Amino acid sequence: MSDNIYLPWIATITEVRPETADTSTFVVTFDDPQLRESFTYLPGQFAELSNFGVGECPIGIASSPTWAGSLEFCVRAVGTVTNAIHDLDVGDKLGVRGPLGNSWPIEEIEGKDLLFIGGGIGLPPLRSLIHYVLDNRERYGAVEIIYGARSPQDLVYKQELKQWEEQPDVDLYVTVDAGDGTWDGPVGFVPPFLREINPTPENKVAFTCGPPIMIKLVVEALEEMGYADANIVTTLEMKMKCGVGKCGRCNIGDRYVCRDGPVFSFDQLRRIPGALEA
Amino acid sequence: MQDRLHDIVRKLLGEGTIEYFIGYGAGSEPHRVVPCFVTSDHEVERLVWGPLCLQNLSKYVLQAKDLEGKAGVLVKGCDTRAIVELLKQHQIEREEVVVIGVACQGQVDPRTLEEVLGVPMEQVQGVEDAGDQFVVTIGEDERTVAKEQVLLGKCLYCRHPSAFEYDFTLGEIVPFSIDAGESEFAMVEELERLSVEERRAFWQKQFARCIRCNACREVCYACYCKECIFDRKMPRWLDKPPLLSENEIYHLIRAVHLAGRCIDCRECERVCPMNLPLSRLYKKVQKDIAELFDYEAGIELDEVPPLVSFELDDQDPFM
Amino acid sequence: MAVEGSETGGNGFEPKILMFACNWCSYAGADLAGVSRLQMPANCRVIRVMCSARVRPEFVITALSKGLDGVVVLGCHPGDCHYSEGNYFTRRRGLFLKKLLEYVGIEPERFQVRWVSASEGAKFADTVAEVTRQVKALGPNRPRRNAQ
Amino acid sequence: MPKTRVGVFVCHCGNNIGGVVRVPEVVEDARHLPNVVCVEDNLYTCSEEGLSSIKEQIAEQNLSRVVVASCTPRTHEPLFKEACEEAGLNRYLFEFVNIREHCSWVHRHDPARATEKAKELVRMGVAKARYLEPQEEFESEVFPAALVVGGGVAGMTAALSLANQGIQVYVVEREEKLGGLVRELRTLFPTEQDTGELLSPLMEQVRGHPQITVYLGSEVENVEGFIGDFQVTVGSDGQNSELQVGTVIVATGAQELRPSGMYGYSTLPNVVTQLEFEESFKSGADLPPNVVMINCVGARVPERTYCGRFCCSTAIKNAIWLKEQDPDAKVSVLHRDVMAYGVDIEDSYRGAMELGVRFLRYDIQNPPQVLGAKRAEAVKVQHQLMGKEVILPADLVVLTTPLVPREDSERLSKMLKVPLGTEGFFLEAHLKLRPIEFSTDGIYVCGSARYPSSIPESVSQAYAAAAKAGIPIRDGSVRVEAITVFCDERTCSACGNCVEVCPFGAVELEEGKFGRIASVSVAQCKGCGCCVAACPSGAMQQRGFDDRQLLSMIGALAEGMVSGGGR
Amino acid sequence: MERKKLQKSDLSRWLDRIAQEHELIGPSEDDGVIRFQPVESSAEIAVEFANSLIPPKSLFFPAVESLFSFHKRGKDIELEATEPLDRDRVVFGIRNCDVQSLSLLDYVFGQDLEDVYYQERRARTALIALACPTPPRSSCFCTTFGIDPLSSDGSDVLLTDVGDVYLVDVVTEKGEGLVSLAEDLFPGLTDDEARQLQPRPVEMKKVDISQLREKVEALWEDEYWHKMSLPCLGCGICTYVCPTCHCFDIVDVGSTLEGERYRCWDSCMYSDFALMASGENPRPTKRERIRNRYFHKFSTFPSRYGSGYACVGCARCLIHCPGGMEITEVIKDILAKESISE
């Protein structure tokens, strides 16, 4: 982060990979070569992407810190800034301000089995941690990934899903709310699909990210399966603006999601009034 | 008058014809009168009436839609014009609201009262209406002051909707008339006499002072849009920073939207923390609408607003 | 007749004027002026709308506040509107807006409404020349940025 | 690759544009505009080669917008839209920039500033193009039936003309018999032909025609819907019937002015109107020796400024008839001018004079006076030519009055949402160019409903209205260009401005998902955009001309002029 | 530094001397509104005033400020941070409640990730506080929040009016520097003067708010917030005139070719403050927004920064609220509620 916390660094889009109809992965590298080396971050952190003249938007860093050189952002075209970003092409410039927020608890979960539950565009924040774990495989236990989306076309990172499928030490389960001709896998929402798989809670930490309704039902299911709140970790999506805990917008209780989050465990969230209503 | 108000409200609440009543209540200090929402019998005592009840409560009727049950509201003649316009603009149904009209004989402008008395409002214990004077109690002693010296600007040209059937009335509703000594549009004509450069300098200075707190929009009965174009992201009519060009666009577009709707309640000017002379802008709007299209907002319920109708023989300087 | 080319006299200030032209009459009048090769100053930029009644007063205000030197709304002559009543509303809005803008210190020549029919190519050219001359005499509407 | 991919094609148009505007500079400037992925210039973009290069670029670059900078959209816009459509791009993702008629042709002596203007026009075109959205043209099929309101000469002629094209026609006539106003005449001008000879064949054909259903003693109670699908409620003595028609023809005619309070009419028994004269005297009552006719009664006066057009010929016809019955009768016609236009009226005017009918000109300032307490005995008039007063003995005074609109045209105009003119007759879309139709599609008008029309005029207008009314029914469907308006129900606050201003009654307030909102009938909307300008909250938007597009054009033009410039 | 004395008549000479060295900022009035703005000379400074409308927070966290400008040259984009200040500044006439509000804002902008714009303005600005007159404005309630209107803590110099002379307490080196600019105007106090010239104590209605935080936290689900939010119009006055409110928006003005990124005040009372692009709004109605505002002041700010309550009792919000919302009444209502089930 530069000493002026509002001044972004300039980065160039080196690759744009369409993921779904309204979502693409933007791979960016910093223009300043010295910065490419010195820029470090942790999985789960995010950055404010600037499309100068239009505005800024907070996007989770989807790449893993273990990959040097470039950052990956999975951007869905939903607001004015994200739509404008979708109008940029390889070679155009973006501002990157970060890394911001806290990160997934990578130390606390060492030696533990890991369960990832992602929904739709909730996968990118988890993906950063998954790759980090896979690149430091020996420090972590078993890896189970449950991922669901509205339809086969809405699945992001389709190639990686294939990769993880073939990987021996990763159990991957993918479902879609509604299948179509090309889909032969399981069909159904993530929460019931999770109950079907019924992963055991011993020595396991669950990470979940997705639409609020899915998280609510997933957490209920996990609690019924015996997961303690402390072992269920999520990343919240709130309206953010400054990303550095000053502008007063993303508060839940006395925590700023952009500064004290976005990663929270559920026992933290239970203690904050109104956190789960949002 | 106040006791009759209490009886009516108690009856209405008791019968269940209304769920809550919007009136004026005493604030923490005697000179402070605030909007007050009464829902139960014991709160009726808080309701007051007097020359310091300045707010136009009609805007609060719009909230009635998202609270269940009917609302009752206390309105002065000038406030009733807002009710007429809200009916005309399909925002409320007449049977949705119980309207209590009060025979208002002029309201006090706190700022001018302070100047005339040379005493800050904090020390004023109360103001009573005494015919063509006000009796002001300060501490122990009472001082009288001629009404026309301290009246709100709009009271000098008090106007009522011509035919409005109130559900109840407090006192006999008759337009308060007083010799204002100058034409209703004097403050506008004064600016009109200036040169274009002087007028530009005057308004650029005022627009530059605006801090864009939106109070004038939120207090105005006519600003009931679900999502105001100023809050819209796409297309972006206005940027949020209070820059001169953005403030100018804000105030001029609001003036255009108030054409044929402004009822001269001057709440926008009263609530403006920066003392922008907004009534000099909206008085101009009313003057032009009256002169060009012979129309006055909030008087006739079934009259079609000027900018959404036309006459074949409208004046046409554009040939 | 329209003024030959554009004289860049005086301080070389060239006003930038926005013109709204309705598709059925004034835009056609502008085309006719073009077909008849009527020369005129190059200060006006035309935006085509289906009817002059489509031009929101908010456009005029935004354009003037964003620094354009003049805005002209062109429409069919009253009675000739392709939509029969459109320009009656343009007329009323123009009447009101002109007085409001003048009141807040925008010179009257900076916002004008003119009726130009499909057959009045010459009148279009004269309007362009006349408005350009009037606005040029007034100078810039907002202090120009030096970057320009 | 970016979502919005704009292709810009700048045309030289031979040297029409290239001769003045430095096209390469314009191309270079356009290359840096946001979302522009390809810029080309061609000698003639509208040529075969130009069009195919556009199609190629659309395919190659996967363009999602096309901007062509050349001549006026009024000429080649359909051509370019077809080209886009053939290349698989929605025809509404196309924007036309006029740098010929509006730029090169009119700034021939200032190429530098013409080029600067062309660049800015292209910037504005691209700024608008970025926000264009694909549209589908609304197509509604037309119900193969027509309604004719009014069973007079005009109505019957129109009904027959349509029916003979195989179209089902419903005729609604208020009276118990067909024939309308003409039935009240005994003889017709100028041939004194008996009215029956003209009317009865018409009435027979109408009554007998398999394709025509006649509703007598009936009135139109309600009309809903739009071109191609009008639901009409017809009320005949108490019970209603529902009709569905594609087009409507208004032929309700007009009625004779009963000038009560003028010249003793309705107080003196022997002061009658021309029609009353026709009914009573032509059926054999004994004829009075002295008859004075007064023309322009209640016409060409401040409160009714128009001229009745053929009331003069009626007066001449009856004057001639009187002289033929009794050559010694003293018949005089007091007039302000004799409107004897055309061939046959002029001949009969001459004929009347030869038969001894006296024509005296009076001045509106001091009109003739009818003398007599219980009965009209004489008429005093200031004789203009002789400059002195003349007293004419009169056993009978006949007042010539104009036709005036029917009292209930107001009600019908409200139902059909069509306008009435200042005099109260139905107002046509355009006096010269669209004389027998309304601006609202699918509704036509003919006969005296529009203005006092003689029989030949009513008949010719009826044929025209029938021809026009047949077209949509022949086509079977109506395509509406996708420039109509739509209402964003999330932000509409139901203030009703749009309903008030719409010239075509295409907008109503209805209950929507988010409470009451405005809803637009796409078929009726003509795309003028007047409601969009009247909508304070910007909920109403017009396809192809929405606020985003127009505001971004203004932003592109004002860019960099002032700090915090355009968007 | 021991207490000094300044003749009232010498005040303007001192201030004009300061104006030659630094940018002098003082409360000046235009169109009946007093705000802290740069003044050429001491003559423009209002003397008779309870407090400014726009709080001195605007000098450190302005209503609108440019963060940086951006220019696109071809494909490259150049950013240029905007300099917050060009000269050191001296603020005269700031009341102690506003001084305390700045120390509250220091928690926000000074802690954790430092806000360089705010910090630089804070560092390069000296505060000459002016003790409140007695009796104070009837609506003021700073003592309720433990603020002494006569205290000098947080300012560089404190002037207290004791008749025709000001008592001068110099607190910091910066203060010394300012006083030394006109040393001769500041004679020391003789013993009896030190005894006689005492600042008159300020009486003010006081409410015991020790329980306020627990009481408000217990009211999260209470019906109270709905009823009391009814008169609120959702405008931004209370937050814009509040010396401790720090919410802001970041907006790009200009085009994609060139423009500036501005920071400007924003208000949690606006309906679209927390509205997300997806259309969800964690605080959709006035009830949630008002609850959030009072929770911020009496619960979340103190618990986050370990500070006192985020209110300095200046009463600006209750004076200017068009809906008649009075924070003192809200506090009384909250305290009056017996704490319902935890």
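To keep things simple, chains are lettered A, B, C, D and E as they appear, and every chain counts its residues starting from 1.
What we mean here is this: a contact is a pair of C-beta atoms (placed from the backbone, for glycine too) under 8 Å apart; a residue touches a chain by one contact, two chains touch by 3 or more.
This is a predicted model, so every value here is computed, not measured.
Common partners of chain B and chain D, by the touch rule above, are A, C, E.
Counting hops only between chains that touch, chain B reaches chain C in a minimum of 1.
Comparing the centres of all chains, each the average of its CA atoms, the largest separation from chain A belongs to D. Centres computed as Cα averages put chain A at a distance of 51 Å from chain B. If you average the CA atoms of chain C and of chain E, the two centres end up 49 Å from each other. The distance from the centre of chain C to the centre of chain D, with each centre set as the mean of the Cα atoms, comes to 29 Å.
Look at where the CA atoms of chain A average out and do the same for chain E: the two points lie 39 Å apart. For chain B, residues that reach two or more other chains under the stated contact definition are 229, 234, 236-237, 239, 243, 245, 307-308, 312. Multi-chain contact residues of chain E (touching two or more other chains): 249, 251, 253-259, 266.
Residues of chain C found to touch two or more other chains are 57, 62, 66-67, 85, 89, 93, 142, 147. Each chain pair that touches appears in this list: A-B, A-D, A-E, B-C, B-D, B-E, C-D, D-E. The part of chain E that touches chain B in the complex is made up of residues 30-33, 53-54, 63-64, 137-139, 227, 230-231, 233-237, 240-241, 249, 251, 253, 262, 264-267, 270-272, 285, 318, 320, 322-326, 328-329.
Considering their complex, residues 188, 191-192, 196-204, 229, 237, 245, 248-249, 252-253, 255-256, 259, 281, 284-285, 288-289, 292-293, 306-308, 310-312, 314-319 of chain B touch chain C. Contacts from chain D toward chain C in the complex involve residues 72-74, 98, 100-103, 105-110, 113-114, 116-117, 120-121, 124, 419, 427, 429-430, 439, 483, 501, 503-504, 526-530, 532-534, 542, 545, 547, 550-551, 553-555, 557-558, 560-563, 565-566.
On chain B, the positions that touch chain A within their shared complex are 233-234, 236. Contact residues of chain A toward chain D in the complex are 16, 77, 83, 86-90.
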